[in-house]
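Next up: the structures, one after another.
Shared between the two complexes below is chain A, which has chain B as its partner in the first and chain C in the second.
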Partner chain A sequence: MSDSLSVKKELAVLIIDDNEQITKMISTFLRLNNHKCIIANDGKYGLDTLQKERFDVILLDLAMPELDGYEILEKIKSPDKLSRIIILTASNITKENQKKFKEIGITTILQKPVDIDVLLEKITTISKC
Partner chain B sequence: MFGVTSFIIFYMGFLSFITTSDKLIGTIMLGFSGIVSLGTLIGTFYISRNITNPIDELINKMNEFSQNNKTTKETKTSHGIHELQYLHKNFHKMTGMVGKTIEKEKKLNRQLQEMDKRKIEFMSMMSHELKTPIMPILGYVQLLKKQELLGELNDQQLDAINEIHLATIRLQKLIQDVLTAQKIDLEKLNITKDTLESNEVIDLVYKAFSPICKIKNVHLEKNSENHQIVSDSDRICQVFSNLISNALEFVPEHGGKIEIGSYGQEESVVFFVRDNGHGISFEEQQNIFKKFYQVDASLKRKKEGSGLGLSICEGIVKALDGKIWVESRVNSGATFYFRLPKKTIQLHHLSNCETIKRI
Partner chain C sequence: MTMEEVVEGISHGTKHYESVEKINKILLQYGLTPNQSKIYIHLTKSGEKTASELSKNLKIPRTETYHLLNSLEQKGIIFSIFGKPSRFNSIPINEAVTVLINNEKKRISDLESKKDTILSLWNTLPEIGKQNDDSEDNRFQILQGRNPILVKIEQMTKTANECIHILGSETNFIRFYHTDFVEFLKNVKVRLEILTTFSEKGNYVFEGLELENIKKLDESHKENFSFIIKDDSEVLFFINNPESEFMAIWTDSRSFVMTLESLFRLIWRKSIFVLEKDDSSTIENEFEHRLREIEQEKLILNYLQKNFHIKNEGVK
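Right, the complex of A and B next:
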């Protein structure tokens, strides 16, 4: 690993997404960048893990079977946890919903497919808040 | 009416019976008037039973039908003159048929609404399903290209990865285009209007397209008057993006030039994209906004694209209550204009959304 990467702080990232190929790809990329990843391929496990442990960044998909991203957002009460969420979705988000997300403290919404460099940059930004 | 007439006839007969001196004539007059008045009474009864009543009934039925497109069950009209009975029967037949047609139409309408709903659901599902697999493809391609992470690639491998990368980006753009075109078709395009400065929009587009123009060695120029406008900046940028992408395909390899800008009119702002490409003939101008139209439609054509770009532009501009058009002559470039109203007229685009809605 190059020096510039090893100097960076190791981040704990939770990825909540029902698509296993996506979680595998993102976790591979983040681990290669020396970050710690926990994968939740269903909403319920994601919410439980999120409530139990502390993460620097949480990547949250919206459309998931059973417990989806919207329901997870309704159940998270902690403003600190909400501010660490990056929404990563393939669904369209209206500007009204963007405003609603902003109101509860979520500033970053990324549309799939996202450029992995952009993703890493956003993860680093959120972790510094 | 006829009752009164018969009474008057009888009364006159009775009067002549009293007043006349000749008993015989008086009796004859009385008898005659009696017969006539009785005849009138019977006539009245006959007319009322066989003509007036059936007509009244028919009028009532017509009123009822015009109000709720339905009539009560056929009343047995055994009386009434033959023609009226026939009319009744046919009226009933007609209302029955119209009623059935209306029922059929209603059923069809319900089916269409259901189909429309399914189409929207399908579209939103497809949108999600098509975009999702692109994510790991693009991600792994990027990962492989970062050779410090997954190891060095030889030139051929790197070349292969670059090809996959380009194709993936093309596929991604195509999916985006198809989905936008479908949204336009279903009138489900999200429009959110805000107060904008036209210069800011132009700057945004200029910044976004400067790098690609530099790579392609095309001179990008902006020439804009600032005007305030109530519209959707994302959608305006999307129109610019499509128009510039098109222009980039058609400018000459050396000395290509694209100019973007805006100017104001009384109630509207006109945005434009001008290129110094080979121009569009008058015949082609009639068709270029049609879906899937390609100026060069042969399979051997060098230009890429879905043929959706301009039809998408037109759809978006229409949704923004504007108009798009092109001015061009063969061999002297083309300018695409779109005019948008400065102020929003209709309010129906602004949806009030209280909770976070799933779209």
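Right, the complex of A and C next:
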């Protein structure tokens, strides 16, 4: 197993992605490593959950029907919450949007497919912030 | 006073008569009064004259004629020839037009140089019984004609602190072609976002601007409305009426600005950059998107299988 998974602290992770397969699989390997995981397969539920509870890491997809990732980001006002977000998307991200994400405090933007070791490493880094 | 009197030998109704009338009108735009213009035209076409000859020919009272000659001399487009009595003549029209233009330029430059003085003096004046003005952020201004609108655009783009948002069809912005409109936008120091119908035929309007700042406005919005928003605090809304002069409304009404800003944000989010592939490649994009998702699923699945295997071995 990867060293990056050996995070001692139990993390609370929220996955907001409309792809059910991916959310199930990510939550499986996170749970296997004793992390708590909540899945939101639509933007609205994701935003509600995010507003109500505190998470160490939030994995956010951008392209979703109805409320998409961009809209969710516009509604989040807390800098702490924004800094805990990892954008994980299969969409192309323009330079302009990358710049905007950085301006609001999002440092980790990953484009699918992402190597799992890389993803775990990023989760670990963000959770330590 | 008839035109025949202004220029001897040119009769009413002739082609030349109409030309003289037109020249007369144009000279008024260069800052001459109707009588100054007539004296200048008369002198130019009839040669040097005394003040009394001019007064008699043009049927202008003698005292007024002297005043007019004096003012035209000060403007630098006629001169006097010493003698008894003094005679007057004019400089050629091409030189006169240049002199009049330079006079206007100097006047503008003088006005500009006095701006700081008037402002500092103004600030020394006390307020006299002024009450709190609730309409401070609810002002409306109707601007008519291209120049006043351009002046307002320049003012908005120069004083913006956060962003400038522009929405509108190319047809509207083509009206500003050959003006400093694009220069104003190029000099914007804050975030500039433009939503426009970016056609191959009309995109020259935005020539020289960063295409990364421009998104393509859906064809369904074509011709409907155009506006410019500054810092979520001011808006210039263009009124499309092909039968009348170009008009726009400027306002800092918060509700008006917020409504148009929300509309802008909504359309901006749903639109694509002009540099991005257009709708014809949407299927291709979706396919690419789905392929990446499948690839991601595969990677996670492999990872899970590998780790299950390791765990099972560990149990053994």
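Quick note on the criterion: the second predicted complex is superposed on the first by the 122 of 129 C-alpha atoms of A that agree within 3 Å, B and C clash if a C-alpha of one lies under 4 Å from a C-alpha of the other, contacts with A are read in each partner's own complex, and residues count from 1 in each chain.
The rule we apply is simple: a residue touches a chain if its C-beta (ideal position, glycine included) is under 8 Å from a C-beta of that chain, and two chains touch if they have at least 3 such contacts.
What you see is a predicted model, and the numbers here were worked out from it, not measured in a lab.
Touched residues of chain A, counted separately for chain B and chain C, are more numerous for B. Within the superposed three-chain model, A:94 lies in touch with chain B and with chain C [touch as defined at top]. By the touch criterion stated above, A:73 is placed in contact with chain B alone, chain C being left untouched. When the two complexes are overlaid on their common chain A, residue A:112 makes contact with chain B and with chain C alike.
Once chain A of one complex is fitted onto chain A of the other, the partner contacts of A:82 are absent, as it touches neither chain B nor chain C. By the document's definition of touching, both partners, chain B and chain C, reach A:22. Of the two partner chains, neither chain B nor chain C is touched by A:12. Chain A residues 19, 21-22, 25-26, 28-29, 32, 63, 70, 90-92, 94-96, 111-116 lie at the interface with chain B in one structure and with chain C in the other.
Those residues of chain A whose C-beta lies close enough to touch chain C in the complex are 1, 19, 21-22, 25-26, 28-29, 32, 63, 70-71, 90-92, 94-96, 111-116.
The touching residues of chain C, counted against chain A in their complex, run 212-213, 269, 273, 276, 285, 289-290, 292-293, 295-301, 303-304, 307, 310-311.
Interface residues of chain B, counted against chain A in their complex, comprise 124, 127-128, 131-140, 142-143, 148-150, 172, 190, 192, 351, 353, 355-359. Listing the residues of chain A that touch chain B in their complex gives 2, 19, 21-22, 24-26, 28-29, 32-33, 62-63, 68, 70, 73, 90-97, 100-101, 111-117.
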